[in-house]
C-alpha cells in the first residue's frame, strides 16, 4: 500500500510536470482589492449584517444575565470568564474534562467568546483559543450565545486573515445554520445551532 | 512524430452517456422541470447580483482570484509537494490517487482500517466524480449523504443536477414526497414547508452524526504553505462530519491548491457571493492536520488526479482548473435553465461542465458537450475567477470529432467563401435558385420566408420560418447604383 | 475618412436592405462609403463550429481586402466580435485591421460622435441586445442612444432583454430543442412588450426570432436597427 501510494505520487507529479512543458510565464497577482476598511462604524455594520442573517444581537450591559436567566443547562468552555456567568443559577456544564456528546446534545445552550468578527460579512470566527473551547462545544448544542468584544471586530475579510493562525482549527460562523437547498430559498435552522445570539461587549465590560 | 505524451484522461461519472441534444430533449419537454429550474435560477441570479453589486472592489477581487489560480496551475507540482509536507508535519496522512478507481480503493481501505461499516459524507464534487458511494457500497460500507440536497438525491435514487444544489430539479412538493416515501422516520404529517423539510432532515441525521466513526469530505481549498483544508457549507452537516468522527478522509482534486493562507481572503469573498448569493455562507471550517483533543485524531487527505493533469496540458483549456465550483455559470446559463443538469450526463453540468468534462475524459468521449452552448457569454461575465468559458468551448470544438456530412459541407463552403469570385457566383446562384420559392410564397402571403426546409434545414423550420435569399443581393444593388 | 462597409454574408444574400440602410445613413452624414467587392465572409461559423483551419482563408481574405481602410463598419455585432476578438489570435497581421473594425453604433457614437442621424420612424419599437454585441463588444446602450433620437419612435422595454435568444449559429441546428425553448421565451417577451417592431444589431438573431414570431403569426416585424436609423427613405 505504501509502495503503491508512493508510485501514484511520483507518477502524478511527473504527469503534471509533463503537462507544463510549455513553460507558462510567471503570473503577477494583482492585489488591488481592499485590504482594510475605511474607518466606518464597524459595530453598526456588524449588527446590520448579523441581523440580516437572523442572528439575535444584544448590545446592552445587562444582556448576558438576561439571556442566561432563561437557560437551564448551559455548556461553557473550561476558561469561561467568571464575570460572564454572574448571576447564572442554572446547571453549568463545564467542558473540563471534555463533555460526552450525549451531554452536549442535552444542554440548552453554549456560551463562548470568539477570536475575530468581520463587519462586512457578519461573520464570527472561532479559533479554539481563549473563551472558545473545542469545536464540538459550539456545534452540538442548539443555541450558541457568543460574546464579541468590540475590539475583536474588523471591517473586512482580509483583516480577519491577518489576525488568524491557520494552525488552529477555525470555524467561521455567519448566522445560524441555514440551507438554500429547497428552491434556492434560504431557510434557517438545519444541523448546526439553530439559534445564534451575539452579545456585544466593550473590552472593559467583557472582563 | 515526436509528440509529447498527453497525461491520461480520467474516469468516473464525467462522461455523458447520451449526446447532449438527445439527453436534453425529454428534459426540455418536462414542463415541471422547466418551471422548477426557472424559478430556482431566477431566485439565485437576483440574490447573486445584489450581493455582488454591493462590493466596490469586485473586479479587483476577480482579477486577484484569476491570477492566483493561474499562478497555482503554473506551479502545481511544487505547491502540491509543499502542501504534502505541511499537512504531514501537522499530523495528516497524505495519499495520492492517479484515477477514480485508485481514489475509491484508498478511501475503502482507510474506512475498513477504521473499522467502519458506515461513513457520513459532506457534499463533495470529487467524491461524486469518482463514484465513491458506489465503491463503498460494493465493499459493504454504507455512505450517508448529509447535505440536504445530496440527501434528497440519495433518497430519491437520483443523480445530482447542479454543482451547488444537487436537487435543484425538485420543488418542495416533490421533496416532501421523496421524504415521505423513503425516509423511515419522516413525520407522517410532514408538509412541504422548507422549514419542516429541513427539520425532518435534522432529526433523520442527528443520531448518525453523533455515532459516526468515519467521515468523508472534499475540500474547497487546500493551502500549500500550511497544509490547511477548507470546507465551505451552510447547514452545519459539514461541521458535524469534520468535527465529531474519530477519522476524517478528505478527497481533494489536485487543482484545489492555493499558495498561502492569506490567499483565502480573496476566495472567501468571491465564493459565497457567487454561489448562494450570500455575503458569507453560514459555516466555513478550516483545519490543519490533527488538533489534539479537538476533532478527528486520524486525518487523511487523498489527492486525486483523474484527468486533471490532462486538462493542465492544454494551454487554452487549463483555465478550467481555476473553477471554484460556485455554480454562478450554471445559474446564468440559458441553456442550463432549459435543459437542466442531467442532460450534461456528468457530475459537472452547465457551462463549466461543458468545458471541464470533455477535457477530463478527452473530447472524443464527450464530443457533444462543447456544442451545448450558444456562446452567449453570460457564464464568462458571472465567473468569479474569470474563466473564459466561450473561448475554451470554441477551442474544444476544434478537437471534437466532426460528422462526415457536416465536415464536407463546411469544407465546401470554405472553398467557396475563401475566393471572392466563387463567392459572388454562389450568392447569385443561391438567389436565382431560390427565387421561384420566394416569389410564390411572397405572392401568397407577402412574407419572404419559408415554413419548411428539407434536412438539415428541417432542424430550423421545425419551430421557425426560414429567411429566403433576397430578390437582389446587396452586391447586386451596389453594382447597379 | 475612408470607410468601408463589410456587409457580412448573411446580410449580402438575405438582408440587403440593412446594407443599403448603413450606406444611406453614412452618406446622409456626409461620408463616403466604399464596398470592396472582393469581401466574402468573416469565417465565424467555421471557427465557432470547430473548423478553424477552414476559416483561416476567409480571415486572410478579410485582412487583405480591408487593411487599407481607416474604418470598417459592419451591421453585425457578432461578425464584429469575430474580427475583433478572434482575428488577432488567428492571423499575425490582423490586430490593426481588427481594431479598426466597428459595429455600426460604435462607428456612429464613438468614432463619428453622432447620436442623432436625422431619422424618423413612428412605431412602437423594442430592442434586443444580441449577446456578442452586449458581452463581447460591450456596446452598452449605444444602439439605444441612437434609437432614442429617432423622431416619432416609441421605445418600449423588453423583459429579460439580456438573455440569449437561442440562435447561437449552428447551435440552432445542433440543439434544436433547447434553441426552440429559448426562442419561445424570447418571443413571449417580445409580444409582452407590446412593440410592433423588434430591433437588434444582428440579422441572424433576428431571422431566428423573426422566424419564431412568424410561426406564431404575431404580426410583430423584425428589423435591423440600421433600417430604423435610415428611415424615412429606407427600402421596405
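Labels A, B and C are assigned to the chains in the order they are written; within every chain, residues are numbered from 1.
Rule of thumb we're sticking to: a contact is a pair of C-beta atoms (placed from the backbone, for glycine too) under 8 Å apart; a residue touches a chain by one contact, two chains touch by 3 or more.
Here the structure is a predicted model, which means the values were calculated and not measured.
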item: Path length in the contact graph (chain A to chain B, fewest steps); value: 1
item: Chain closest to the assembly centre - both centres taken as Cα means; value: B
item: Dominant interface by contact count, named by its two chains; value: A-B
item: Remotest chain, chain A as reference, centres from CA atoms; value: C
item: Inter-centroid spacing, chain B versus chain A (mean Cα positions, whole Å); value: 29
item: Rounded Å distance between chain B and chain C, as computed from the means of their C-alpha atoms; value: 32
item: Where chain A and chain C are represented by their mean Cα positions, the distance between them in whole Å; value: 53
item: Overlap residues in chain C, where contacts from two or more other chains coincide; value: none
item: Parts of chain B lying in touch with chain C, wherever the complex brings them together; value: 20-21, 24-25, 28-29, 34, 334-335, 338-339, 368, 370-378, 380-381, 394, 397-400, 402, 406-407, 410-411, 413-414, 417-420, 423-424, 427, 430-431, 447, 449, 451, 456, 459-470, 472-479
item: Touching residues on chain C, where the partner in the complex is chain B; value: 7, 9, 11-17, 19-20, 35, 37-41, 43, 45-52, 54-55, 57-58, 60-61, 65, 86, 131-132, 134-136, 162-164, 166-184, 207-208, 210-212, 214-215
item: Interfacial residue positions of chain A with respect to chain B in the complex; value: 1, 5, 8-9, 11-13, 15-22, 24-34, 49, 52-53, 98, 101-102, 105, 118, 120-123, 128, 134-136, 139-140, 157-158, 160-162, 164, 166-187, 189-193
item: Footprint of chain A on chain B - complex, ascending; value: 4-5, 7-8, 36, 39-41, 43-44, 47, 56-57, 60-61, 63-64, 67-68, 70-71, 73-74, 76-77, 80-81, 84, 90, 95-98, 102, 106, 109, 146-149, 152, 165, 167-168, 171-172, 175, 194-195, 197-199, 201-202, 205-206, 209-210, 223, 226, 228, 234-237, 239-240, 243-244, 254, 261-262, 264-266, 268-269, 272, 276, 278-288, 291, 293-295, 303, 305, 309-310, 312-313, 315, 318
